[in-house]
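Shared between the two complexes below is chain A, which has chain B as its partner in the first and chain C in the second.
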Partner chain A sequence: MIKSYKARRTVVNALIYVLLGGLGLIWVSPLVYLVMHSFRGGKAELATTIIPKEWTLDNYAKVFSPPDPNVVNFPQWFMNTFIIAIFSCIISTLAVLMVSYAFSRLRFKARKPLINVGMILGMFPGFMTMIAIYYLMKAMGLLAMPKVALIICYSAGAGLGYQISKGFFDTIPRALDEAATIDGATRNQIFWKIILPMSKPILVYTVLTSFIGPWTDFILAKIIVGAQGPEHYTVAIGLQKLVGLEYKSQHYREFLAGSVIVAVPITALFLFMQRYYVEGVTAGGVKG
Partner chain B sequence: MKKFLALLLAVLMLASILVACGGGGDKKTSDGGDASIDIEDGAKLLVWAPDKAIDLTKELCEAFKKEHSDKNITIDVQVQSESEAATQVLNDKDAAADVFGFASDQFNKLMTANALAPVFDPDDIIDRNSEASVKAATGSDGALYAFPETDDNGYFLVYDKSIISDEQAASFEGILEACRKAGKKFVMDAGNGYYSCIFIFTGGLTLEGTDAEGTQQFNSYDEEAVVDSLEAFANLFHDYSDVFLSSEVAKIPTGMAADPQIVAAGIDGTWDTNAIKEALGDNYGAAKLPTVKIKGEDKQMISLHGYKLIGVNAVSEYPNAAQALADFLTNEESQIKRAEGLGWGPSNTKAKEDKSVTDSPSISAALAQSENSVAQVNMSDTFWSPMATLGNTLWKDKDYSRDTIKANFQKTIASIKDE
Partner chain C sequence: MKYIDYVQLNPFQKIWYNLKTFFIALPGNIVKICKAIGRFFKKLGLGIGKGVAGYFSRFVKGDWATKLSYIIMGFGNMMKGQIVKGLIFLATEVAFIAFMIFFGANKIYNLGFFSGGTIGFNGEDYWVDKDGVSIAISHGRPVAHVRADDSMQLLLYGVMTLIIIAVFLVIYFASVKSAYKVEQQVAAGEKPATFGQEMKAFADEKFHITLLSFPCLTISLFTIMPLIFMILIAFTNYTKSTPFFGWVGLQTFSEVFQTTGGANKGETFIELTKWTLLWAVCATVLNYILGMIVALLINKKGIKLKALWRTMFVITVAVPQFVSLLLMQQMLEGNEFGAINQLLKGLGWLASDGGTVQYIDFLGNANKWIPRLTVIVVNIWVGIPYTILITSGILMNIPADLYESATIDGAGPTRTFFSITLPYMLFVTTPYLITTFIGNINNFNVIYLLVGEQSSVDLHNAGYTDLLVTWLFRMSTSTGEYNTAAAVGILVFIVCATVSLLTFNLTKSAKNEEEFS
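Moving on, here comes the complex of A and B:
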């Protein structure tokens, strides 16, 4: 038993740091592997050594200008996903915030029932509705335009996810609304000019989640786009195809490179949005 | 309030159902049993082909249009992988292609869902294709439901000619010995039912389809002979544990391309042919599976072998045109073009003799192997994972005495039959 408190602390800290370091290493290793091997050169498609022996940018070149677009058409998949994600992001962010605002600030007869209906509908797992969504889209003749269909799918029910932003709006003092009302602002103006500028953290949160959702979704996209050709694929479907039996032995490194590129827009969006994450808190909004 | 809401929801739901029916209802075909093929005027067809074959399929469709230029046919060719075609067709027959390629293991699923239109003129198709491929396209009612397209959907032996001579490649023992001498590995996916069934098929067991309840049926095999075979493989795997490697097949081209080379031979299929050729260059060798010594006797290894078929959607709006196109896409010339352009082994008996087929080592290997195989048709889904487990026990387990193997085998059969 070590007597000195200092020595004991050092030993305990060392142990803790070794443990945490080890866990951190485990956590980060798949990402390191992914990035490292996306630059791997040589003839072998799968990894034969943990650290690549040859390095190359060829995999990225192949991903950006595919030699056989019938098989791998990453730029097209990327664009498809990007368009879908951008539009769904805009529509669903607006929908979520407006619904939350209405539920938080307005008092009307159907408010409580609608909140309950929203809660209950939100409890059903999304998988349950997928087949129904497919047939609805088919009945509307939208299957031939999978991008439009997917944008509708992702943004149509978005307003149901109002809970978190409603909770946030509830914390903004109503005194602000009242002050604005006295100054002659309408409900609409209050939303855009008072509430929104003070809700940047929740705005950022909503934008991030509603962008990442469509960007990484696989199952619904597969159901809607599955019957279409690869020119309509999203990145998730396209990349999944590349690890299939027929492709793995020839396109595995393109899959790795593609996976790295997929992470870029989300990371960029997050870095860009993060600045606002810390600002714009309501503290000090109302002064005595 | 609540009542009103419920009513509103009910009406909305009904409306959407009605709309959906309106779209699908009028697509019913009028005649199904007409034997003479009279292509409809202005037929519009959707064709599904796998991505690698898309250009060739487009070219063939153009040729078909030219042949029937008086009929004003439009054909749209879309990419759809053969392994997924059945799933997509069963998801929604109306949205699926009129003519689509699929792998024979999906035939049963499509058949039972009535997704395939019977072939109008079966005699000609039966005549020109190999017997086994026709069998794979025949339904349980004895009628022909699809057009055989290839006879190569299986695996065979691939090896590096600079390490393993052609004579050595004829026997499993020879291959393993040559690999050991060169310090290289032999790779097969023994933990995958698709490959590990070799071990029981070689012992004389074959599949006899499924019964009415979907239970897998076997022939009346000799259990001792099957266990002999399993024991022989288990002994080899343990004797050559430094050489034998059980791993996913994608490791084969990779291990051959690696520097220094790790893998000298393996059991792989046509899907990896290009990658392996690239890795080995002139040393690329392909042959039917080797023989294995069971109780002192050289026995040919028996594999599971599938076919690629072209089917006509049962709800196609232009059934005659679709049938004629499927017929055209699987005729002798089309199959030869596929052998030349894509390296696909034909099912057409005349195309099998073509130079492009006999000159290609991988196609000849696949075709030679197909003669020593069990057809991958009408199989129960419960087959794969017990089979995979059995394969794993043979090379992983330390205890590979005859009694253990026998017990494992009986357990496997019981699990497959779901007893």
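Moving on, here comes the complex of A and C:
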């Protein structure tokens, strides 16, 4: 009996290994394809075989020192995105922490109504306001400074994403606040000296998500800088241009190489913050 | 039905029973929600009434300095020794009046609520509708060339002015209240707070104001104002071809529901709504169930290399979607350059017709269901890793004795999944599921990056795979039907709000509904 049970378990586990192996292969195959073809050499820009026939580093060289910087200027796009990401990361993190602390720890008359307003605002499709934002930026003369415009776009509404860190703050015992208040601490001091030091996971989560945002955003960036010169592009817009009809037959491999360069640091950051991500989402979005 | 009867049902009967109760309870729930919204407005009205009553009673009860602060803001504060505070109020008032005289009044007038239903009359540059032809007038003379975004800018400035007025009113009422309060304090023999003390309060009792004022400012400027603006656009006739526009009431909405003529907006709206809902259900349910099964397989006892398996899936979450989806788009291309077609060709699975290979057009809009199926499958690729990330931890928390006793009772893996795992997970992750569902209704990236902008002949500027939001996006960027886009946006909002209200009502978070009362 036991023997057959063991045998059955081995068979089941073997099947599971095969299944997981197959599925895992399907899941990573596009990424493998991406990396593989970013090293593809030869004359043809587009591949007609799955495994490249020639290998080269030329694509990466072209990406780092573009032969025609007026059309494809990846280093510039990278710098643009980096600057935008740094600034919007700082502003968004502050905004998110401020709002979530206020909603989680402080009690004031407008709290419930403001939370409701936030919830209702979240239900409008985000793209609805894009055109208005475009004209707003135009009216403010910010279209001439696309970086500033994009930083504003990414960080202005950041306060609305308070739910996850509010969920985290809610789990910190209130007794700590009370003890500090008795010792004469103001709420400002409680925020900086007690709550923030205890919130490392959520801090890391917020910083990383708001830093990654500008690298992966496509829509807002397209609205703001899509019609402008290539020197203002972010990586997402630049890379998308490269696979557009106009450029695809000349720059497809640069798209692949550029994608690898963008994806590697973001993947590393993500794998690093994975734990915080799960903690954050389960604290804010799941109720046990 | 009693709980004991319910437990004995098989899973399908349970689902059927739950669906039945959901729809039986639906009218009641809708009534409940309407009542809650009614209560909300009643409360709002009462609050406003109370505020207005307080406003007048303070005027009656206050001394002459307080009475004067109703006209000259901050006067009462200054008389009672709060010089800086009073000056700040006064400066606000002066700035506001100057703004209104030199800028704002004109902009409100331009909004056209008072000028015959058209936006754009500002005394110098405007246009007239003469026998259906728009003529631009500048300084009393017709001109040929007018900037195309005039009406747009005027509407924008108008909305901005409205918001500034609202902010000013808040400050005004606060100043009146403050004048009365300081009068009361003096009357009670207390010393009014100095400016320094009041500033200190912003780090303690009023810390919420310090924290929230900056985010509130940016949100109202860059989220709420554009939203109000776009809601207003839905009631105009603004399109790319009519840069000068006026108010048309509900005409845009009636166009969205109009079903006459070929490739009309009405049929497109209905078709895309059906597809959006189908897509949202498929994307949510498939990703959830399949993701959970994979997570269970990875976490099964006796499976080694758990970290490797997990990473293989999760790494796809980390790669930016515009990279992975644009790549997928290239791989799915319906010609010899698409990797999937190359693979199928290599396997010899493609039919060939007299020497030319029949490549499968995965994303083309020639067929209705092939691209739809493709986006759902690709979305499974995108979505399963998220489910694995979220559910792994919770799956580990399901008490092991539940499984043990189920195994002893002779339940197989399928049975335990549907009778233990799924109910437990549903119980815990309902809020997550609702957010995912709403997120899928608004899932722009997967559709747009994968399919791009393709149009089908029988749809109005849309392809078969377009969701309502991508349709909205295309209308507001490519084809410039701004008013229709705004109207569709409002309708999507109504759908999302209804879905979340109804489902929240279903779950144990039902008490959240009380937040509206």
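Definition applied: the second predicted complex is superposed on the first by the 263 of 288 C-alpha atoms of A that agree within 3 Å, B and C clash if a C-alpha of one lies under 4 Å from a C-alpha of the other, contacts with A are read in each partner's own complex, and residues count from 1 in each chain.
Criterion: contacts are C-beta pairs under 8 Å (C-beta built on N, C-alpha and C of every residue); 3 or more make two chains touch, one makes a residue touch a chain.
Keep in mind it's a predicted model, so treat the numbers as computed, not measured.
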Contacts of A:T48 with chain B and chain C, given as first, second, both or neither: both
Just to be sure I read the superposition right, which of the two partners does A:I182 touch: chain B = first, chain C = second, or both, or neither? neither
Chain A residues touched by each partner, larger count belonging to chain B or chain C: C
Taking the superposition on A as described, I'd like to know which of chain B and chain C A:G229 touches: first, second, both or neither. first
Between chain B (first) and chain C (second), which does A:P125 come into contact with in this model arrangement: first, second, both, or neither? second
Determine, under the contact definition given at the top, whether A:A139 touches first (chain B), second (chain C), both, or neither. both
Of the partners chain B and chain C, which touch A:N70 in the superposed model: first, second, both, neither? first
Common ground on chain A, meaning residues reached by chain C in one complex and by chain B in the other: 46, 48, 135-136, 138-139, 223, 252
Touching residues (chain side chain B, partner chain A) in the complex: 1-2, 5, 16, 19-20, 22-23, 50-52, 54-55, 78-81, 83-84, 87-88, 91-92, 94-96, 249-255, 257-259, 262, 271-272, 274-276, 278-279
Name, in rising order, each residue of chain A that touches chain B in their complex. 42-46, 48, 53, 70-71, 110, 113, 117, 134-136, 138-141, 143, 223, 226-230, 241, 244-246, 248-250, 252
Using the touch definition from the top, list the residues of chain A that touch chain C in their complex. 9, 13, 16-17, 19-20, 23-24, 26-28, 30-31, 33-34, 46-50, 95, 98-99, 101-102, 106, 108, 111-112, 114-116, 120-121, 123-133, 135-136, 138-139, 152-153, 155-160, 186-189, 191, 212, 215-216, 218-219, 223, 236, 239-240, 243, 252, 255-256, 259, 262-263, 266-267, 269-271, 274, 277-278, 281-282, 285-288
Which part of chain C faces chain A closely enough to touch in the complex? 149, 152-153, 156-157, 200, 203-205, 207-208, 210-212, 214-216, 218-219, 221-227, 229-230, 233, 294, 297-298, 300, 302-303, 309, 311-324, 326-331, 336-337, 339, 342-343, 346, 381, 384-385, 389-390, 392-394, 397, 428-432, 435, 438, 442, 444-445, 448-449, 468-469, 472-473, 476-477, 482, 485-486, 489, 492-493, 496-497, 500, 509, 515-516
